[in-house]
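This is the structure I want to talk about, given as structure tokens.
Letters A, B, C and D name the chains as they come in the text, with residue numbers starting at 1 for each one.
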Amino acid sequence: MIVNANVRMGDIELRTPLLTGSGTFGYGSEFEDLTDYSALGGIVTKSLSFEPRAGNPPPRICETSSGGIINSIGLANVGIEEFLGSKVNELPLDKTEVFLSVVGDSVEDFTKVVERLEDVERIAGYELNVSCPNVKRGGLSLGGDREAVTAIVREVRALTKRFISVKLTPHYTLIAPVAQAAVDAGADALTLINTLVGMEINAETRKPLLGNITGGYSGPPLKPVALAKVWQAAQVVDVPIWASGGIVNGIDAIEFLLTGATALQVGSVLFADPKAPTRILNEMIQYCERHNVDSFTDLIGGLRT
Amino acid sequence: MIVNANVRMGDIELRTPLLTGSGTFGYGSEFEDLTDYSALGGIVTKSLSFEPRAGNPPPRICETSSGGIINSIGLANVGIEEFLGSKVNELPLDKTEVFLSVVGDSVEDFTKVVERLEDVERIAGYELNVSCPNVKRGGLSLGGDREAVTAIVREVRALTKRFISVKLTPHYTLIAPVAQAAVDAGADALTLINTLVGMEINAETRKPLLGNITGGYSGPPLKPVALAKVWQAAQVVDVPIWASGGIVNGIDAIEFLLTGATALQVGSVLFADPKAPTRILNEMIQYCERHNVDSFTDLIGGLRT
Amino acid sequence: MVNKIKMSIIEKGIITDIKQISGDIWDMTVAASQIARNSKPGQFVHVKVNNGFKPFLRRPLSIGPVNGDTLRLIFLVKGGGTQILAKKNVGEEIDMIGPLGSAFRMPKKDEFPIFMAGGIGIVPLLFLDDCLTNDIQRLFLLGLRSRSFSTVSDDELNKRSIYVSSDDGSIGFKGNVIELLTEQLDNNKLINPIIYSCGPGIMLAKLKEFCEMRQIPAYVSLEVPMGCGVGACQSCAVPKADGDGYYLVCQDGPVFDASLVNLNHGELP
Amino acid sequence: MVNKIKMSIIEKGIITDIKQISGDIWDMTVAASQIARNSKPGQFVHVKVNNGFKPFLRRPLSIGPVNGDTLRLIFLVKGGGTQILAKKNVGEEIDMIGPLGSAFRMPKKDEFPIFMAGGIGIVPLLFLDDCLTNDIQRLFLLGLRSRSFSTVSDDELNKRSIYVSSDDGSIGFKGNVIELLTEQLDNNKLINPIIYSCGPGIMLAKLKEFCEMRQIPAYVSLEVPMGCGVGACQSCAVPKADGDGYYLVCQDGPVFDASLVNLNHGELP
């Protein structure tokens, strides 16, 4: 039995639903000796900001007793200027679809970055990391979650015809109105979810495990939260959903398809297993064979409720 | 070495910092054959609403692959009328401090319940479960998170001199402003955090594990999120914080003290180990002995940053 | 609902015997005097299958035949929790809360008790069977998928004169256990039957329908996922037949008068 | 920073030997031809200590002495991850990514290499020691808390003529390894010394200060918690000495010219 692994999102066809999560696969070349790109539908690069960011003081990563990890990278990145000067050449454009993640503290930050990126050829699209609270416009803090998301997406939409996915945090009181706002403002997809805010300490030394004290909690403990957010958003929007959060094996991936996701991001798992995309894809295919499903697409939203 | 286990919060002294989490210890008598109340500083009862609530369709509880659980009880409770008629007699008022948890969909729901509860004697205080989004006032939805919390707390404050803790969800974009709003409105303490919204499915049957599809995610995976919220709130408010989320052993409990909590709620762990309060208290005392600390109070906020 | 008993304790039993009955079915004998001596048929224990919190929740298991200070737990390896149990050895400790929940009400003098088990649902009925004095006539039916999925040994089948049905006819009557029940009722013209049953949700739902049609009283023991096991968390809801809310299986059950509960929920997810 | 080498692979090595050196120190030999044959001293492997994801992250370990197709990993049992490693047996597989990171730059003709190890920090220096031809003079110093915390066998100490200091004087020089270094430098009037060091953060910080005062070049191998190990996640930052941002230990290091990094962070939490 041949399982059809590709998924469509508007004009874009991904050869598999697997993407890499922003910040876990660098600019796409760091893992090139280790990871088989043919299992990937695309990659999402580390979030890029207008100005370079040095990031947070070390330590920047720790494990949690619950089997996940917390990172406080602090969105360290080279900034748009150096990206265009050097990193852009590392993008694996010949190997897979490339989505560039963009981040900012203000609406202008986003538009200034995307404007410059429009000149880079062969980019499949953008992922807008709007997950940081307190986004500003022209220096003023934007009222609520919906307002900030709407402003960013609308203004980026006006700049580009490329595919835009908007990545949301799980820390909204309600995800549905924010998801709807992103779509109304022109998003082609939603990425759900970014990390939870988390923290671990060492009771013996009384010190926090991260230099920045708190950070972004990811890995297996995130999966139930991500499933819920994907489900809740899928009830209200029609655009494809990119799932992110705790995927470590093929069954996790299938669960997200059933819950309503079209693409699946592998993030933290890459640190433990750089060959995870290949393994997960095989496990997904095995599931389909066992259940007589001949295309991943047939599973999307197939939860029996 | 004798470790002083009691903690003070305003006029109230708890003989130990351990409380039971709302909804996990019923009305305080269900576990009476199993749990030693002397390890508890107090109990928090199942959230009580004005009208009785039947709750959600089964199944209402499941495990997550990440080592936690998800419940979708749906705030099932007998309602204020029947509570006053029967359950009130089950409260273990002779054994420990009793805090009554109150929940509602509107500001009026909260005030109507607290008004009636004021007649019940020997109650130490209330925990206001304001964790449900979309709270209304006079039938109108309240604008943002701060507005809803402020309205509920202010109006309940006007009705009672009793101790009030306000229990917040981790699903606020920022916890600090909401925490501050609760304190400004008159809260004597904050309970952090309620469950995360979570979901699990069985990929083989394609069914969600809960009748209500999503539910409240608790247990060990919640701890890093709860630590972060306790820390963030402790940076902005001066009132005592009651920690809730993933405490299963004495070191977890100590971590929350160090992070800034004054009292510690044990919730889901009671299902696995009804004797958890005694065990956790002993483990906390052992920690203190090892570190030459002679009072739990000395640990509160003692994180070295 | 019936014979509700309070006073449960946490007891660390000691495994005195464990054997495999068939493929995934294990039969464990546990010495736990306090629980054993206070148990009534239909009640259950809430078992901590492991030290620590993996898995996080306890597992509810019906109390099987009690013999003095010991009780039998017979279980199907369904997922991770029961898998851990099956790997335990004689001499190991097992942490149980019990006895919990309601017991079957005993048949009245003029009633003819019929035990109807589906698969692993036989466990509480074995205990109930033991509790009826020898002079009381009874009929014991067990529905299996097939011989190789048997939930009791051949010895026990014989000793207790259990009539078996199997979907594939590999043992006993070919068909389901409701068909077997119908046949037995009709052939033997039993007077005043009362049915005690435990098994898959779908079987119980069909049984309820059948009994309502024939106006036979039926007691069913239900299975739903549980948290606390002691009535504190409201995890174990089962809808009331009259639509007015829920019962709690750990407290109001697990044994219910079939007419009081709504069983149209099918199998667990 | 120095001799940066690309091309790393995932290789499943086979444990050919494992022994306990002292209390918590283990010495494991692994057959992994591809990694072994491409490794240079200072580089590390990123080790998956378990199947599945408990613990979640890999553990970085310095590559110790290489012998043809095998390499030695010498490690301190610090927490859960290294505990799992210590329990492995000969014949078991061990999944490693490597060789990763930068290597020590070799001493120039006129330089006198001094190896200064703190505790388990000796590992990369053992490999470096092996890579210098016999005719090159060197001084090898090792600081220990006490004899019972030794990180190499007495045999190896002798064979390599390692000078040891211990805080309690239970072996070698009584005092810390910087004091031992000072003594050796001053007594032997070494010309053109160059220091290679690895050990606790506080020792490295003191060494850096010392070397800056005396204008001695020093290379240090650093330890920070890592995610990917390959430069993709930015978890492994160490601040630059000039305050302008961070280096990545997995990619720019683990070996750094001490003058380029800020080491005033003390021990890990």
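Please note the rule applied: a contact is a pair of C-beta atoms (placed from the backbone, for glycine too) under 8 Å apart; a residue touches a chain by one contact, two chains touch by 3 or more.
In this text, all values refer to a predicted model and were calculated from it rather than measured experimentally.
K.L.:
What chains, if any, are shared contacts of chain A and chain B?
P.N.:
none
K.L.:
In this assembly, which chains make contact with chain A and also with chain C?
P.N.:
Common neighbours, chain A/chain C: B.
K.L.:
Farthest from chain C in C-alpha centre terms, which chain would that be?
P.N.:
If we average the C-alpha coordinates per chain, D ends up farthest from chain C.
K.L.:
Cα centroid separation between chain A and chain D, in whole Å?
P.N.:
36
K.L.:
Can you compute the centre-to-centre distance for chain B and chain D, using the mean CA position of each chain? Integer Å is fine.
P.N.:
Measuring from centre to centre gives 48 Å for this pair.
K.L.:
Could you give the separation in Å between the centres of chain C and chain D, each centre being the mean of its C-alpha atoms?
P.N.:
The answer is 61 Å.
K.L.:
At least two other chains touched by the same residue of chain A: list those residues.
P.N.:
67-68, 201, 205, 207-208, 220
K.L.:
If a residue has to touch 2 or more other chains to count, which residues of chain C qualify?
P.N.:
Expected reply: no residues.
K.L.:
Should the pattern of chain-chain touching be classed as line, ring, star, complete or other?
P.N.:
line
K.L.:
Looking at the whole structure, which two-chain pairs count as touching?
P.N.:
Every touching chain pair, ordered by label, is A-B, A-D, B-C.
K.L.:
Chain A touches which residues of chain B in the complex?
P.N.:
Interface residues on chain B, with respect to chain A: 64-68, 70, 133-134, 144-145, 169-174, 196-201, 203, 205-208, 213-214, 217, 220-221, 223-225, 227-229, 231-232, 246, 251, 254-255, 258-259, 287, 302-305.
K.L.:
Can you list the chain D residues touching chain A in their complex?
P.N.:
6-10, 48, 53-58, 97, 224-239, 244-246, 265, 268-269
K.L.:
Please name which positions on chain B make contact with chain C in the complex.
P.N.:
Counting only chain B, the residues touching chain C are 23-26, 30-31, 33-34, 46, 52, 54-63, 67-69, 71, 73, 76, 201-202, 205, 207-210, 219-220, 248, 268-275.
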